[in-house]
Every structure is written in structure tokens, then in C-alpha cells.
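The chains carry the letters A, B, C and D, assigned in the order they are written, with residues numbered from 1 in each.
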């Protein structure tokens, strides 16, 4: 978003896997390392159910971060996602209470999410309004709108069937985790092996060039926003079905959490680089940190400070790594 | 000679944008004024000025930052941090209040400088840097305060936030001075010109022997300093200090700047535009509230106005190019 | 690279420093506003009536005499769009309808931000209402704008969350802090025994009411339940999922040691109950907390939660509206000992300028279905 | 090399093309044709309409009148896609590649070989990329290398390969050599010949007449959007073409007069700045034009940037006007009277979105500002003076610099620096990619400055320019100065040889 739009070169002749995976490995290492350290201080942290709960409670962030990463890779950003998730969750819940078929209550947020994000995508791509502006506006529209409509009435006594969270695949893998993993893998594969997926990087890397290669940056951008909306819908679904109560307000600051997950995951805000595997790992790491701080008795007053510091450290690590790789290219 | 442009990118267009915005503003004001006779009263308008000062003080340096093609979303957190530092150093460290004020301003500047260093030296993109420091600064505020709010400041301290000079709210005067200073700095000085150059083409600016990094540092430090000032005004107005102060200010400030026609990609924009954007948002909220529109609905309107106005501006721009 | 190493070392050092201060946080907690706590007597029995204080509220400067005339009243809660304040504003609306000569409306910030709330009140002062009902996000910060209202001849009545007394005429007290604290602690003690260990999920450490309650609970526990083990307090904003995650974290951290969870907000309590349910610990980990009935029904019916402490927020709003009317009609003047509040009957004035709604209400399986909010 | 198959029908033919832009008539009645196996050069000054014409031929613009025939059949090229399907591929000046993607991905982006479920078959893609590389005997370029890390020459070859991957029959190259080293140019020409042999028609846009004669069979000249004429290169000469282009004779491209050379302005000893500046010692005297020749990547620009403080020296000594100085930033360099007109005009030179006025004052701000306040009157005067001194063609000082032609932009960059009277002027590729007219003007300007006593260090990849303008020629290779010739001794053979040295190795390293 600044004049530093000069393309970042990557290591010459580096095998693709190395280029895309370095931040992922770094994150994976961090996740394990942290688990070990905290485990030494307080073994309970490593209890299977605790680790599972960390994943469960934050799956929706990881899922939302998938779409966000795509958006950021195209060189855009979306700060309306938090509000949107709130809205979609409310819609889904209201339908469930109103007695709509479960299938409908599950599909509605996906469809609506795609619609809203698609609209924003069109505005960004075809009317050339910066994404940050459009989504900033949409943020307040959604936040205000939701309350005007619902009056913030909580949604309670949801039908049991509605609760995706209680479903377990093969009786072992909880649905949210399955969805998180599945979505991540599918998205990653798609962005790696499918032409339209690659087009996302092309658009982010050099839109003009993409256009002359017969890849329409605009259509790609809209597609990305559509997908982002879809994942936001899935996230909203997880968000809505986790508890027996839906607040029908917009979770404040969620957008920043999601963006943080993406950038910590190694997605370059300058566009063109990053993977969703990274963002998912990052989401997990951040959740892990939050939980770990409680386990090692960090004063609750300081938790946010520590979180911020750690996030900053990871981001700097990523940048420094890229820079060193870049320096390596110059003979 | 009179044709000397007022800003870098295609001057007339910017001016045009601001004029349109101003026109919209005037129309809106008249409309709202007709709907409610208490709206267009000196008292109310002055009072609104009082209420918009904190965000305004932040929106000014935000304009600088965005003109360089950067962004600073940590301002809200810096307000919180400065507020706490002010209160804590006075109450717990026993600083005399004036010193505490200066100290908190210093901390603000330092926080901004830290952002600047990460951006210029480590070359972490601005939005990433400030998202991370947003959490960090807010966290520091909570940690330092240990969730205690500081209260019971001496009377004179409230003059800035609640007092008035010749009927004009004190902080509004400060805002006005700041607006002039920032406006002139951006429009008339080599500092301002350099900001534009950086936003338009950083490399070329470097190769033109402009002190790119120092100017960027200055911009972010300024952003921190003004957050400190904003915190001072805020604490003085609400008479207490809490670690959650200034939450969400970043978006309000950015909204004002963008609404004012500053390109989020940098290289263009003016302080005057930002001021119009700021006033527009504040008076819309106020006017709508007075005419009986509820808070939640007001937010929606603000969102629509934001998108719409930028749409109009850009379509105009495209027509001219 | 060097920079990176520096950062990490810095961060780790930092992290450990924070860790060190961890202990201090678990220690005595005064609610963050340095106010004294006064625990009630142990055991059953209503709180002994406090010694009558002289009126310490403020008065509006020459308000128009609107006795019996129609008045417009605005209600500015901490934030709109949460179950609790929906209930209070319902109460206000009901009372207004009953009275017939009041135009009441509720408006406020969508997030519990004090400076947002101030702007709302400010706007309504300008728009010229006759009375303002408020629930303060910060008792001190809200004072200046309330004083401004008074000086404009507007009647100002607080409910749920007080301001400094000199900034409003009356405050309708749902139930004194120490009363809530006692009810909560006693309920917990009853469920997990005198030597049980418990954790607390609250909104933020800076939210005045929650902070006061926790502080009062601490002193009351020290006095009446000395053996109970106070494990840890975690923040969870007013956020459903975050509350759930925090509660779960506590459960996982302390395992069998943890016998009970306090939910300090109407958000945290159902979330904690959900966490306990998910962990299949119903009956093993007790959940006691403040909450609205609807959100708690499933857990109460599932016997996962025995008792929910709460005054009836509808009554609270209702009472606030009646007090407002009484003040405007001159039926409640400084020094009076009680006020008529419609179906609630006669409400007593306590510590100077507060009107007591009554003892906190305990919802349980038996009565919870009678309420719908 | 004869024009292949004169008799057969042209692959591509445009007839009577008209193109209007708001207010301007970009093309009027232009006709042009390209036959299989020929290289047809398209030349003309900037603004002559070359770019507009190729944009029309590659489907970016649509003509307002006239027709496009492919294989003799009238065809409508509405989009770049249409053009590609018609077998037309265009290689633009600013290479359109994806730095983060591999060579293979860049080649096949948009039409990658598919496996099941429409997924990209990575192996097949790499294999086909390697096949293409092999078909042109390119052995020093890996299919999975990341494009971001390649030299300009190699990037351009990737673009050519992309064109071939579409089986393009008509290849349009817009100033392909503008950014190339001599070595890359020879390799490019080699490729072009291979393609001609395959029967590909090549449309070749260039400013450099020597190239035109080296590679083209025919040449068509445009001027002011109008067709001037087509010649067989075998039957024309530079003089005629220049006259056709500019409509007047430019007697002397290199108006170098003998200047009185004074004392040393710059004396640098053993400058080191890894990785590309390895112990360089160089002296430039007042009134002297020193030409610095060398391949791209030989460290010429890096040396310049070290002298200018963009990449400060790690060790070594710099003396300006005899006094030892340290230059750690461009600001310090400017303060010492050093000026640098950078290599990449678009990125390092002009600030495109800014007005001409603001561009011209950019480097002089500190001297224009009193207590930080810009003296606007003085700024305006400065700009007006520069515009007339360098004959910048612009509607007004408020015109956005990005809208001017390359030549005029370059003049602005020059003007920007001359505004604060430098003692040492470093010119990095001063005339790259600008038209003959402006080129001659800039050369004349250099000569004036030299005679006015300015010391000039000129970096150029264009041997004729180096030879034509320099009092002394230095040759740089792999970070060192390897040869020095005075004006008399310097000729293309000697200098060229010194430059290439072990060229192959040098390029492989790229």
C-alpha cells in the first residue's frame, strides 16, 4: 500500500516448497516449542483435552483467516469481516430458532456471506475504491445495522441439531477442527495447483501483467472476495454453533485478530506472497499463546502486552528472514 | 504565479474533491438544521468542537502518515498508554502533574518513534507494525495501570478539557492551532513536500537526496506525540484515567482522513480535506442524534456516507483523467 | 538477524517479568477504584439497615415545574444490544406506559465506551429532554456531563451503575455491592463446601460494577469463608466465545482442583456453564453467577447450574422510571425515606441518595421459567 | 540476410489505421505489414505513435478506423486474448512478469498444462518449459528459478518463451534492448534470428538505429502519428532514417567539443562496497566527461550510487575538490555538489504523479526553503528557467510529470539536479529509451555543462554514446576498473573487448 511496491525477489532456483514453507515451518516450530516450554512449567497444558480445546475454541478464527489471507495476497485488506461474522451468526441462529430446517440455517450464512463480500469485491474491483475504505464503511453499516434490526436481543434455546460443534467425525475428530483442517488443505491446494488459485498470486504480484496474460485481475479480485465471504460464512457458522447463546452483536476487534493471524502467517501485505497453511498455523499459535499465558500464571494485567510483543517478534522474524533471503540473491 | 498548486497530485482534482465535500457538508448541515432548531446553535456547534478534538488531534498526523503511503492503527492504543502514563506517573510515581503531562507526551512520541523505527529500519510494513504495536501498547497500558483508574486531579487540570476561553472550548482552540500548523506544514514546507514525494515514489525521493527515513520517523513520532496530547485532552475532559481509553479512535481518525479525500495509497491529500471529513462525521452523528435518529442507525449512515463520498470523488477523478 | 535476536530476548525477558508479577495480581484486589469495602455479616438474615445518612445527591438548577405534565425521558445505558439492558429498557418502557404521561426512549453506544456514552448524553442535553436515566460506564468520567445536564435543569437519575453522588439526584440501587458479594459467596460455599477452590470469569478488570463485586467478594470471603480457595480471575470482555474459552482454560488448568466458577457478567455466566457442560463436569464444577434467565434456562434445567443470582432488571428499569416521575412531580425530595414505585410498592432510601430495589433475586429450576428476558 | 519471402502474403497487415484520443489524433492513416520470417523495424520519435500502433496490433486499443488483416483475412482484435489467439504476442518495454513465481509458472500462466480436475500439472509444465528453453539453446536458465531473482536479460527471455509457448507467429517487441547489456543484445539477436528462421514475423520497435540495421530486414518510420515510409534496410542509411524520423537533419548525434580540462573534482581511492564495488579508484576532472562502460551487473551503477551515498562506501577515500569527505547519504552528496541522474527513470528519477514544478524543485528544496518554508516564487522561477533551458515540452508547470514523454521526463530529472549547480554530475544511462531528438539535445547539454567546468561521469551501455561523448573511457567489469582509454585510443573493438572480458561467465552469474 506504499511506494515500496517494488517486487520482492525470492531466492534464485530455490525449490518451490522451500520458498512457500519457510514461514510455516517457523510457525510450526514456535507452536511445538511453546507447547514444550509451557508443558515443562505446567504439564496440564499438554493434556489432550486442553490442546483440543485450544483448537476448538479458535477454529473460526483460522477459517476466517483463510479468506483474509487470499484478500491480502491480492494486495487488499478487509476490516469488515468481524462485523460480518457477527451478522451471519445472528442470521443463522435466528433462522434456527424460527424453526427453519437445519440445512437452511447452515447454508444461509454461507450464501449471505458470499453475497456481502461479493458486493464489496465488485466495488473494490470495478469502481476502484480502496478495499480499506469500502470495508471500513461496511464495518459500521453492519455493526449499526445488526443492532438496529435485532435490538441486540440474545438468541437462546437453539435446537440441539443446530450445534455443528457437537458432531464428531468417526466419533473422534470434532467437526470444527475437521472443518478448519479441511478448509485449509483445500484452499492451500487450490491456490497451489489450480489456475484460478495461482491467478491470485499473479494478481497480487503484478496486476497489469496478469491482465495481459488473459487473467482478469478484476474477476480474480471479485472471486477472492466471494471466497472470503464463503469462509467468513463458515467461520460465522462455527462461531454461532459453539455455544447455546448467540449474542447477536458484532464481536469487537475480531477483524484485527483475523488480520493478525494472516500476517503472522507470512502473508505479505504488499501482495503476491503467503499461504493459508501459514495463516492457520498462526491462528493456532496465537490461540496457544493466549491459553499458555494463563497456564504459566502471567499476570492477567500483562497478557495483552505479552501477546503484542510475541506477535511483533514473529512478524519481525518473518520480515528479517525474507530480507536475508533477498540479500542472498545479490551477488 | 497564482496557479501554484496546493498539493502534489493533479491539484485541481483534490481541490475539487474538497469543495464537493464542503458542499455536501453545508447541504447536510442546512438540512439537519431545518429538522432540529437546536442543531445550528453556537452552543451546540462549539460543544461538538469540544467532543471532536481528541480524534481530530490524531487525524492530523494520520493525514501525514497516510500521505506517505503508510498507516498507523496503533493511535488508539497510544492514547490509552499515554493516559495511563500520565495518571500513573502522577499518582504512583509522585511526579508533579505538569511533569507527568510532559512525560506522557514524551512516552507518546517514543511509542510513535518505535513504530517509525520498525517501519524504516526493520522495514516491517506500516499496517503490520501498527497492528502488532496496537496490541502491545494497549497491553502495556493495562499492565502499568493494573486496571486501576486514576482520579481526583486538581481543578486547574480540567481547564483544558472542560474550560473555555471567551466561550470557546479550550481544547477546540488547541485543535484549531494544530490544524493551522499541520495544514501549513503539509502545504508550504519542504517537510510536507517530502511527505508527498515519499508517498508518490519513495525511491525517487531517496534519489533526490530527500531524508526519506528521517521524515517518515518524524511522521510516526508526530502521530505518537499527538496521541499523547489527545490523551491529555481526553483525561482532562472526562476527569479520570482508564487503560481502555481511546479504543477504536484509529478507525474514526482514518475514516476522517479518507473521507477528506486523502488517497490511502499515499501521495495526495490535504489537512483541509481531513478537517472537513472530521467535522462532517461529528456533525452528522450529532445532527442525526438531535433529529431523533438512534445511535446504531447513525453508524450505518456514517458508513454509507463514507463509501458514497469516496465513490463520488473517485468517479470525478476518473472523469478528469 | 541481530535485531530479531534482540527482540526475542527482550520479549522473553519481558514475558518472564510479567510472569513474576503474576503473583501480585492474585493478591488483594480493591476493585481498581481505591474505594473501601464493607463486608456484610456472615450467615443468613437481611443486611442490617445501614445508619441513615443525610442526602448527598445533587439538584438540577431551577428545573421547569412539570408536575403532572408530560415529560420526555431518555435512558442511556452502558451499551445497547445486550440482554441485560434490553430488560432494563423494557422495564422503563413498561413504567412509562403505566404512568401515561412520560415519553421514554433508550439510546446509547453499541460498545461499553465511556466517551461514546458521554457524547450520547451530551446530545440529549442539547436536544432538550426533561430527564436522563443512566447506567454509568465510569462513575467519575460521566460526572461532568451529568452535572452539565443538572445545570440545564434536567433531572438525572442513575440505575445499575452509579456515578459520583454529586452528579445525579438519585441512584436506583439494584442491590448493594456487598449484598451481591454475600449472595454469590454464600451460594458458592453452599455448593462446593467451605474448603472448595474456585475461579472467576469477569468482563474486564476496569468495569466498575464487576470490580467492586469482586473486591467485596474478596473481603467477605476472607471474613466468612476463610478456607475457600481463591484461584484466579480471568478477563473475557463482554464476549461470548472468549468467555467460553477462558472458562475452559481455567477448567483445564486446575482440573479436579477447580470446584466452582463465578460468572461476573450476564455473558460470562452462561459461557462458563457451557464450558462446564462441554467438559462433562456438570455437578463436579459448580457455576454461580449473575445472568439473565433465558440464557441460563438450558443449564438450570440440565441441573448444571443450581442458582443464578440476579435482581430483576425489568423491575430495576421500572423503578428508575417511577423514581424519575416522582422526582419531577416533587413526590421524592431530599431527606425522604421512601418512594412509591407502582407495582413494586414502597422502596426505601439508603445511604443518603440511593433507592434500594431489594435483595438480589435467586433464580432456580422452580421459578426460572416464569421469566422471559 | 535477405527479406524472406517478399512475394507471399503478409502474416499481419494493418491498413489506414486511425486512432483518436480525447483532444489528440494519435494515428492517422497508418499502414504497416509484417511477413513470415522477416524482422520489420518500426521506428520514430517518442509520440510518433509507435506504442499506439502496437497496442492496436496486440488488441489493447481498438482502432477508430482502418482494418487489421491476418493471413490476408480481416480480423477484429477486441482484447489481448483475441490477439493471442490470432498468434500475436507482444513483449512490452516494462516486462510483465510475476517476481514471486517460477520461470515455468511465468511462461505458462493462464494456459498451464492440466491434469485431472483441471489442476495444473506441475511436472508437465516444467518439462515443457525446459523443452522451450532447449529449443533456443538456453542452457543457463532453470525452469524452476524464481523470476524475481533473474537479470533483466533473462527476464526478457522468459517473456519471449512465454510468447513462444502460445505458438505466436507474430512477435512484437517494444524496445527490447532498452535495458539490455551488449551481451544480452547479442543473445537476443541470436534468438530473433532463430525465430525468423522458423518463419515467425517480428515487429521490432527501437530507438537505436545501429540495431535496426543489425537485425531488421525492413524498417517503417512513423512521425507525429503519420506513416512516413517503409524502406529495405539494405537500401537505406542512418542519415535518411533520422531525417524521416525528425523531419530534419540531425547532423551530429554527439556534439562533443574539446573542453578545457581543469583540476580534479572527484578523486576516489580504493572504494569498497560489497558485493559489487571492489576497490575502485577513479578521478574525474573539471570540464571532463568520463565515460564508464561495462555490462549491466559489472558494478557501474553501484559505483555511482556509492559516490552518491545511496550505498555508502565501506572503506576507501573520497576527495571532492581536493578535500577528503565522507558521503553517507544522498543529502551529504548533494551538499558536496554531487548530482546523480539515475538509471531507472521511472522508479528512481521522476515522481510521476507529481507536477513538473514539484519534480524540478525536489532536489533543491533545502535551498528553496527558508526555515522549512518553501519560497514558492523562487520555486516557480527555478522551474520556468529549467523548462526553457532544457526545452521540456509541457503544457504547464502544473502538468503531471508522468504524462510527459520519456525524453521530457529525463530532461526534468536533469533539470532537477542542475538546479543546485553540481560540481560533479553522474549520469547513469542518460539517454536510455529516449528518442533521437531529445537524445541529441541531452548530449549537447552535457557538452555545455562540461565546457562550463562541470565534471561529468557518464555511465552508458551504448558504446557509440560512450565513444562519442567521452574525453576518457573507463571500463568496469565485476566490480573493478579493468581498462582506461583516452578519447583517441577508444574504439568499439578495444572497449567492447575490455567490457566483455569473460562475458559468458559474467552473465551466467546473473
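Of note:
The criterion applied here is as follows: a residue touches a chain if its C-beta (ideal position, glycine included) is under 8 Å from a C-beta of that chain, and two chains touch if they have at least 3 such contacts.
Quick caveat: nothing in here was measured; it's all calculated off a predicted structure.
Interface comparison, A-C versus B-C: the higher count of C-beta contacts falls to A-C.
Among the remaining chains, D is positioned farthest from subunit A, on the basis of C-alpha centroids. With centres set at the average Cα position, the gap from subunit B to subunit C is 34 Å. Between subunit A and subunit B the centroid-to-centroid distance comes to 29 Å (mean Cα coordinates, whole Å). Remark: subunit C and subunit D have CA centroids separated by 72 Å (rounded to whole angstrom). Residues of subunit D in contact with at least two other chains: 347. Multi-chain contact residues of subunit C (touching two or more other chains) are listed as 3, 18, 21, 24-25, 80-81, 110-111, 205.
Among the residues of subunit B, those in touch with two or more other chains are 122, 142-143, 145-147, 200-201, 203, 205, 248, 267, 294-296, 299. Under the contact rule defined at the top, the touching pairs of chains are A-B, A-C, A-D, B-C, B-D.
Note for the complex: subunit D touches subunit B at residues 308, 310, 329-331, 333-334, 340, 342, 347-355, 357-358, 361-363, 365-366, 368-369, 372-374, 376-377, 379-380, 396-398, 400, 416. Contacts from subunit A toward subunit D in the complex involve residues 6-16, 19, 189, 193-195, 198-199, 201-202, 205-206, 208-215, 272-273, 329-331.
Subunit A meets subunit B in the complex at residues 1-4, 6, 77, 79, 123, 127-130, 132-134, 136-141, 143-145, 147-148, 252, 256, 259-260, 263, 268-270, 299, 301-309, 311-312, 315-316, 319-320, 323.
Against subunit A, the residues of subunit C that register as touching in their complex are 1, 3-4, 7-8, 10-11, 14-15, 18-19, 21-25, 80-83, 86, 110-111, 205, 232-235, 237, 239-241, 244-246, 248-250, 252-255, 267, 270-271, 274, 279, 292, 294-295, 297-299. For subunit A in complex with subunit C, the touching residues are 42, 44-45, 47, 49-50, 53, 57-58, 60, 143-144, 146-147, 150-154, 156-157, 239, 242-252, 287, 290-291, 294-303, 305-306, 309-310, 312-313, 316-317, 320, 324.
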